[in-house]
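Letters A, B, C, D, E and F name the chains as they come in the text, with residue numbers starting at 1 for each one.
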Amino acid sequence: MDPIILFFLFGLAAGLLKAELRLPSAIYEFVSMLLLLSIGLKGGVELASQPFLGLVPDILATLALGLVMPLLAFPVLIKLGRFKRADAASIAAHYGSVSVGTYAVAVAWLTTRGIGFDAHLPLLLVILEVPAILVGVLLARGISGDTDWGRVAHEVLLGRGIVLLLGGLLVGWLSDPDALGAIEPLFFDLFKGILAIFLLEMGLIAAARFGSLRQYGLFLVGFGVVMPLIGAVLGTLLGHALGLMPGGVLLMAVLAASASYIAVPAAMRISVPEANPTLSLTASLGITFPFNVLLGIPLYWRLVEALG
Amino acid sequence: MDPIILFFLFGLAAGLLKAELRLPSAIYEFVSMLLLLSIGLKGGVELASQPFLGLVPDILATLALGLVMPLLAFPVLIKLGRFKRADAASIAAHYGSVSVGTYAVAVAWLTTRGIGFDAHLPLLLVILEVPAILVGVLLARGISGDTDWGRVAHEVLLGRGIVLLLGGLLVGWLSDPDALGAIEPLFFDLFKGILAIFLLEMGLIAAARFGSLRQYGLFLVGFGVVMPLIGAVLGTLLGHALGLMPGGVLLMAVLAASASYIAVPAAMRISVPEANPTLSLTASLGITFPFNVLLGIPLYWRLVEALG
Amino acid sequence: MDPIILFFLFGLAAGLLKAELRLPSAIYEFVSMLLLLSIGLKGGVELASQPFLGLVPDILATLALGLVMPLLAFPVLIKLGRFKRADAASIAAHYGSVSVGTYAVAVAWLTTRGIGFDAHLPLLLVILEVPAILVGVLLARGISGDTDWGRVAHEVLLGRGIVLLLGGLLVGWLSDPDALGAIEPLFFDLFKGILAIFLLEMGLIAAARFGSLRQYGLFLVGFGVVMPLIGAVLGTLLGHALGLMPGGVLLMAVLAASASYIAVPAAMRISVPEANPTLSLTASLGITFPFNVLLGIPLYWRLVEALG
Amino acid sequence: MNAQSSHTRKLLTVVTEAALEAVLTRDLERLGASGYTIINARGKGSRGVRDAGWETDANIRIEVVCDEPIARRIAAHLQQRYYDDYAMILLLSDVEVLRPGKF
Amino acid sequence: MNAQSSHTRKLLTVVTEAALEAVLTRDLERLGASGYTIINARGKGSRGVRDAGWETDANIRIEVVCDEPIARRIAAHLQQRYYDDYAMILLLSDVEVLRPGKF
Amino acid sequence: MNAQSSHTRKLLTVVTEAALEAVLTRDLERLGASGYTIINARGKGSRGVRDAGWETDANIRIEVVCDEPIARRIAAHLQQRYYDDYAMILLLSDVEVLRPGKF
């Protein structure tokens, strides 16, 4: 088995056994910062050798995907899940956005197998983070609402995740390629080791969420598995339609299938405070993240090949 | 001289000069976490290519060593040291258990010299951590005592050190060997550098303990030097009897000679709270750790060769 | 462009946009610790192959430079800047001392271009840190003052920066060169990556200082640019006079041009508390550091070549 | 206002979600507080355990020293604006301050 | 319980060894506290300097807001159970709480 | 001094610059405090925002429990010695201590 998956299982097991294990929060922040910068840098380096204009259709299509997914999820959460409007809107926003951790695991999965992917996927990752948040706020508040959109925009666009990804992209893009070699040991050679540490902590966090699962019942569990499957299908279709390489299609499927647990919760807490944050984080961290990492990625690869 | 030993001396000197130097605690935790995972991983990788059953005698013998050593130390501490029962029991438990930091220095010492050792030593390291704690609690409380053994067991078996070592072992054991290459830069290539940082902090910590030495007198200093020597002899004899490779015998001697300063203090604080924690930590950190790192390891190597 | 400069610009931009981005302080401390140790180690390794006595003239000349520079700056700050005596003394001390971060960027700049420099520059770096602090205290207090010089000396000589640089130097010097290979992955291979992270944070810090600039007016901005230029000329002349290699002359110019933002502020806060710390840090972090990193280093290189 | 002068003020202590830090400090200034002190915290209350392991789970503990009318005004504002949607407790007590002009 | 209602409660502050965190929070809940707030601390007292540099040397500072009988019960329990073997101080003071139903 | 005995003492709370930690703890001991508790903090006051992002910008919050004369002596000393040059506030309040012999 792949060691990074084993690190995740190790974290899950340690968490379920209530072992006294926790990454100091400063380390967790640093580790996730390195992952974001690495993903951005790598993308930026490869983008540098591409014409930018060719990317416009992909960018627009990705924006559309980010608008459509929460609109699909919302009525299901209201009708079948019987959630309050604010809760449904918030969960929908989580699933319309993306999880960088899941993306990183998928990149590692492709790299291990030597499968290539398009250079601009990190850019699409950034782009897919944003629209679902706006849709979520709109679904909760309505258009006429007294939302302070300036604050929402600041919260979203200048949050840690997006700034680090975009910053990495730009640095990679503008860097003299020869000079990049000197920073590779930190940002590229250590990538999988850092990812292993990150997944150990994610296992501990996911395990801590299992406790809330019983409380919120079967619907949430079902949603946390079915919604990614729907996302994966949409992502795969879109990826093929855009003519991405097979690895790129997989990453698009993974992006659509994954649910946010950093950018969206932070934005919702400020913009839709009446939504219960435990609900969406339980689904996203307790169900969807483990599902995608352990079962989803290989499954979506079959899908990519089947629909290819 | 070996740079990692120089880092330890640097820490000692800075500490004695009261320089304003301290590793942030989050970094200390991370650094020790990486060492534990690295040791576990390395062991697990090599264990994977061995029949597990052949290890049973070594495991049983190591357990026995962990039971015997505190039983040897306890009467000495009571009779010669005139310590209170709880204090004697607690110190005995520290010396019956092991120090992972000392083990790591010994591994680095062997690696520098190209001396091989048996793959299952990390497993024996984990095993030797535990029994002395139970013996220590028994010595302090008696069998009939009202000890909450469930809590003691949880405290001991699910403490940070053991969980990380065992987790690393399992991940290494179950990993696809080809996939491990990608995490080597973090866990293997950085090992000695990380160990250097760790030893710098250990030097600072040991220096801070020197202050308490005068207070507790000469007996403690003597015990902190003689007990490791006795441990080293027992470890060497056991290692030879089990037919370990010379490097493996040295590591067994070092394990027996070293005294715990993480797992045992934490367990004793909860299970034998009336024992004075300063006493055992002064001996373990202020005397035995520096002794083993600076003088013990090369000495024990001669012993291994002499008794071999 | 060089990626580490881009990381600094990225930090500046994120800071000016008030993005929610900050290195946890434990990480900042660790990163700067690794830089200091790396610089020291590298210097120590190379010093080991040199006769020590030959360095005495360079050491004395550097001490003299550290005494002269604050004496030059002080009257200008009093007369032209109309600062209070304590503030002028404190700012003068900052500019007479050095910035290790700037030095590290200059080393990276030279390395990228394959330009060699003398092995003992890290030693001169340490030496140049100290005298300006003593001059600053004297300028503020006068010789007859009731300064507790023991405390000042302790504060200065046993501060974090100097201890780590000197410790690294000694470890590098005394280490068995063969054994050093094992710690290179952490201390040497990661150097530029770690420097990139450091510069990202420095960009954020510098941006946070821009706010105070308006408050303190144009004189401070001018001083923060002109003083480094004067320093660079003095450093260049001294470097050539001492017969350093071209890279060494550049580093000497950079040392003289840079202003302290760690050791000196800490010492001044305790020894000259009536000096306003915001004033000197605004100049040093908000103007001189960015100026040196973005424009100064290449400029000083031309100077080195012109005066060479 | 000599060195020994001293007066009584109110100490308002708020324990709440870390996510609110930026908005709360803006509110405090607007409502007339001359300063505040913030500390990271963890805890448990009616909204369950908040153990700071995860960003959205961290607490902060804010202290504000001010005169009674301002303290009441801040407390009323926080209660009305945040109590329903956020983990939050509010405590008030008396403190003697050494340089009353400051608060 | 309107927005301005307020009452007095006790604030119990405990400074003790970090190693006790898990057992103490269990004790607190068992003895009737509706919540608690914990902060990492360092300090000095009769058991010497505890500067958090080393795991066994760290302190925590626990605050519990509750009514007087519960505060006394908790204080008595802690004193009887932990005072002899652990670094620990206990302080009690009065605080006004804004939503009394909560505590 | 039985388990229930209790008395009133003063709690002196100081929020000031982290750079002063070493000198202040020496002062406290010299002036008769039997102990102290320190916590890292950030905040805002008359000397602007001190947000702990940068070493010279960090605050600490020191608590000292002692009898009233010592509290007054410490407060007067801090005020005379540090108030003019450093960011610092001083608060005094009453607390009940459970083992009065200790303070």
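Methods note: a contact is a pair of C-beta atoms (placed from the backbone, for glycine too) under 8 Å apart; a residue touches a chain by one contact, two chains touch by 3 or more.
What you see is a predicted model; the values in this text were computed from it and never measured.
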| item | value |
| --- | --- |
| Third chains touching both subunit F and subunit B | C, E |
| Inter-centroid spacing, subunit D versus subunit C (mean Cα positions, whole Å) | 40 |
| Gap in Å, rounded to a whole number, between the CA centres of subunit F and subunit D | 19 |
| Centre-to-centre distance between subunit F and subunit A (centres being mean Cα positions), rounded to whole Å | 46 |
| Centre-to-centre distance between subunit D and subunit A (centres being mean Cα positions), rounded to whole Å | 35 |
| Per-residue overlap in subunit E, given as positions that touch at least 2 other chains | 39, 93 |
| Where subunit C touches two or more other chains at once, by residue number | 24-27, 185 |
| Full enumeration of touching chain pairs | A-B, A-C, A-D, B-C, B-E, C-F, D-E, D-F, E-F |
| Subunit D-facing residues of subunit F, complex | 13, 15, 39-46, 59, 61, 75-76, 79-80, 83, 89-93 |
| Partner subunit A, residues of subunit C touching it in the complex | 1-4, 6-7, 10, 13-14, 17-21, 23-27, 108, 111-112, 185, 189-194, 196-197, 200 |
| Parts of subunit D lying in touch with subunit F, wherever the complex brings them together | 3-4, 6, 11, 25, 29, 34-39, 65, 93-99, 102 |
| Subunit B-touching residues of subunit C, taken from the complex the two chains share | 24-27, 29-30, 33, 154, 158-160, 163-164, 167, 170-172, 174-176, 179-180, 182-187 |
| In the complex with subunit D, residue positions of subunit A that touch it | 22, 25, 205, 208, 262, 265-266, 269-270, 273-274, 277-278, 281 |
